[in-house]
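Letters A, B, C, D, E and F name the chains as they come in the text, with residue numbers starting at 1 for each one.
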Amino acid sequence: MATVQLLEYDDMSPEARSVIDDIKSTRQVDDVNNFWKALANDPTTLGRIWEGLKTVMGPGHLDPVVKEMIYIAVSAANSCDYCIHSHTASARAKGMTTEQLGELLAVVGMAHQTNALATSMAVPVDRQFDAHPDAD
Amino acid sequence: MATVQLLEYDDMSPEARSVIDDIKSTRQVDDVNNFWKALANDPTTLGRIWEGLKTVMGPGHLDPVVKEMIYIAVSAANSCDYCIHSHTASARAKGMTTEQLGELLAVVGMAHQTNALATSMAVPVDRQFDAHPDAD
Amino acid sequence: MATVQLLEYDDMSPEARSVIDDIKSTRQVDDVNNFWKALANDPTTLGRIWEGLKTVMGPGHLDPVVKEMIYIAVSAANSCDYCIHSHTASARAKGMTTEQLGELLAVVGMAHQTNALATSMAVPVDRQFDAHPDAD
Amino acid sequence: MATVQLLEYDDMSPEARSVIDDIKSTRQVDDVNNFWKALANDPTTLGRIWEGLKTVMGPGHLDPVVKEMIYIAVSAANSCDYCIHSHTASARAKGMTTEQLGELLAVVGMAHQTNALATSMAVPVDRQFDAHPDAD
Amino acid sequence: MATVQLLEYDDMSPEARSVIDDIKSTRQVDDVNNFWKALANDPTTLGRIWEGLKTVMGPGHLDPVVKEMIYIAVSAANSCDYCIHSHTASARAKGMTTEQLGELLAVVGMAHQTNALATSMAVPVDRQFDAHPDAD
Amino acid sequence: MATVQLLEYDDMSPEARSVIDDIKSTRQVDDVNNFWKALANDPTTLGRIWEGLKTVMGPGHLDPVVKEMIYIAVSAANSCDYCIHSHTASARAKGMTTEQLGELLAVVGMAHQTNALATSMAVPVDRQFDAHPDAD
């Protein structure tokens, strides 16, 4: 099931193909995964998302594996089945071990538990946690 | 505002005080933050959550700062204002730099964006992302 | 803060006042809480929501306190601070004890934890849980 | 998979059949989609939801296509796969173009991104955004 | 699909088998459901979650069926398809009737609706709902 | 409260100031709202988000007021209090009437209700809603 067509390369607009070409060469893959084939229906968004992802997931102040683990955590919180699968695969490809995945999921599970407890009790934020005391 | 009383040490049950004592000595602090004062209304849950947190956030296969950053990512996804504040403070106390926080938030924001796109297009999961091909 | 005016009785339309009158007499209160004063900006929705609530929260197959506890669980999952406060107050008014609230929150917290684990591992549903085997 | 039986017309109660008859004649269709067959297990809720939907999605101050697009946006945020599919189909049937769907999804994705950023930084609401300055 | 292997008993570590043995004997079943086979990849988390579940879902101040219904409500809010199926099956096994399930879902649906309304209007919490007036 | 400093213009980096200058001139305002002052801690993300917003919210295939209403719907689903306030103010500034806001909220509320019902019953998607029949 899907709510849009998954476009194959030959069915894409020239603008979309150009983005797909860059994804293939950057990732050194022969074909792109379904997310990009779906996004190719809107070449402008396809290009903007790919450029954003390259910037955000590229070299910076955090380890690439850590970024993928953060991505898994967010995707699980959003129940995005597609994203959970694709980013778990990416994290493994970048070196995440089974033990690290286990620990990641333990943290994710615990965070959801304490989030629910703090929210359901409506615990007021301690003043010492405020990074901008004059803000309100 | 809160939906339960925030209990001070003198108003807690002996069972709750014992947990609070362990939190104080483990974290080497004089007082605990509001989350624990709220949870002290239910000493059994207080003890279970604290033991779980010690296990999950303790030494393992992931860097302690990374665990706090994962916690921030989940807390933001759940709109848990209390948890966002407390774990951002914890991450900073454990060494997270402003640049790392910026990059964490950039990944978190991007993940929410692509999660929403993949979900709203109902993109089918590529077979190569399946870690258990016989599962269904 | 609010994104709409909180209307006092004198500022409401006759259609809205009629609904508010019914809320007051049904609940035997002198004034309604802020949710209704906000909703009074749209008398049609005000009436539809009030009628729906009377039906759903009225006598049926579940204990009124249980219904309020379910409402708290959903409100916490949605991070609806207003609803968490109002339904915790309602549940207490209908007899929920501190011990029951503690147990409710423990279940809510645990459910969020195992939800996150099942979702992040993308566990396939066991066939025996299917109530409509021919559905797909 | 499903957690309730999907009832066919012959297996429904008279009360449920009456609602289904109204759905069929209002929408001028020969059969209803699965959502209604599942909801038919509870005729009271079936009737209340159908009446509510007719009111809310009927003629008013917003274009019918716009209402369906808002429905898609909410359904994606809730990861409701069923609703994403059914309301994307409804929006297309009411005239939504591929370009409009692309733009809708771009807005939805961007909103999730900036929502996550504002929430994770806990940005205090600017006073000029308050529609009811005396409210708190 | 799944992002981890579903381990069968013979492929589990001794530590994991010991937990699985306890689940089987406690629940008096011949095999465990997929959630546990997935969690068995991380024996420490497997043990912690099982112990937590036994405590939280065991005898206490709420009816076991009520606890399962709360679990269904949270799982639906989190769009956890696996959990919705497994806990609906558990609730039925513990005596939940079709009428009770219908009423549960009606409350869950209504709660989501009023949550969304209260949140989108940003209704300020009434002072009388505050259980800890000095908290902030 | 906030988890980052809200930077005033004089405290921003030259790269951040350049983005803020563009926001001010594009929107023809004397000062920017808090979201941008918070985001200014990370000039790269500040620039990327602003460029993305200009593209997505700029002229296209949907009415600017409709885009703001979609933004409100998503922000409410994510419980982003800041975003609910800022985009409700934007929508009003662009011409959204009180009647349209009321109808928007009615649709948002109803969508959350039927989303929760469809998800909790795990209704299988009807085949006719599939836009890509060969996708899976």
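The criterion applied here is as follows: contacts are C-beta pairs under 8 Å (C-beta built on N, C-alpha and C of every residue); 3 or more make two chains touch, one makes a residue touch a chain.
These numbers come from a predicted model, not from an experiment.
Colleague: Give me the chains shared as neighbours by chain C and chain E.
Modeller: A, B, D, F
Colleague: Return the chains common to the contact lists of chain A and chain D.
Modeller: The common neighbours are B, C, E, F.
Colleague: Mind checking the rotation angle between the two copies, chain A and chain E? C-alpha superposition, nearest 5 degrees is fine.
Modeller: It is a rotation of 120 degrees, to the nearest 5.
Colleague: Report back the single chain whose CA centre is most distant from the CA centre of chain F.
Modeller: Checked the centroid distances; the maximum from chain F is E.
Colleague: Farthest from chain C in C-alpha centre terms, which chain would that be?
Modeller: Centre of mass proxy via C-alpha means gives A as farthest from chain C.
Colleague: Shared numbers divided by all numbers used: is that above or below half for chain E and chain F, i.e. same or different?
Modeller: same
Colleague: Count the C-beta pairs in contact for B-E and for D-E, then report the pair with the higher count.
Modeller: Between the chain pairs B-E and D-E, B-E carries more contacts.
Colleague: At what distance in angstrom does the C-alpha mean of chain C lie from that of chain A?
Modeller: 32
Colleague: Need the CA-centroid distance for the pair chain B / chain C, whole Å please.
Modeller: Going by mean C-alpha positions, chain B sits 26 Å from chain C.
Colleague: Centre to centre, by mean C-alpha position, how many angstrom separate chain B and chain F?
Modeller: 26
Colleague: Taking the mean of the CA coordinates per chain, how far is chain A from chain B in Å?
Modeller: Measuring from centre to centre gives 19 Å for this pair.
Colleague: Counting only residues that touch at least two other chains, what does the list for chain E look like?
Modeller: In chain E, the residues touching two or more other chains are 1-4, 6, 34, 44-45, 48-49, 52, 73-75, 77-81, 84-85, 88-89, 99, 102-103, 105-106, 108-117, 119-122, 124-125, 129-132, 135-136.
Colleague: In the complex formed with chain B, which residues of chain E make contact?
Modeller: 1-6, 34, 44, 48, 52, 55, 125, 129-132, 135-136
Colleague: Which of the residues in chain A come into contact with chain E in the complex?
Modeller: The touching residues are 79, 81, 84-85, 88-89, 98-99, 101-103, 105-106, 109, 116, 124.
Colleague: Report the residues of chain F in contact with chain E in the complex, numbered from low to high.
Modeller: Chain F residues touching chain E: 72-73, 75-77, 79, 81, 84-85, 105, 108-117, 119-122.
Colleague: Can you list the chain D residues touching chain F in their complex?
Modeller: Chain D reaches chain F through residues 1-4, 6, 33-35, 38-39, 45, 49, 52-53, 56-57, 60-62, 66-67, 69-71, 73-75, 77-83, 85-86, 88-89, 97, 99-100, 102-104, 106-108, 110-126, 128-131.
Colleague: Which residues of chain F touch chain B in their complex?
Modeller: 1, 3-4, 41-42, 44-45, 48-49, 74, 78-80, 132, 135-136
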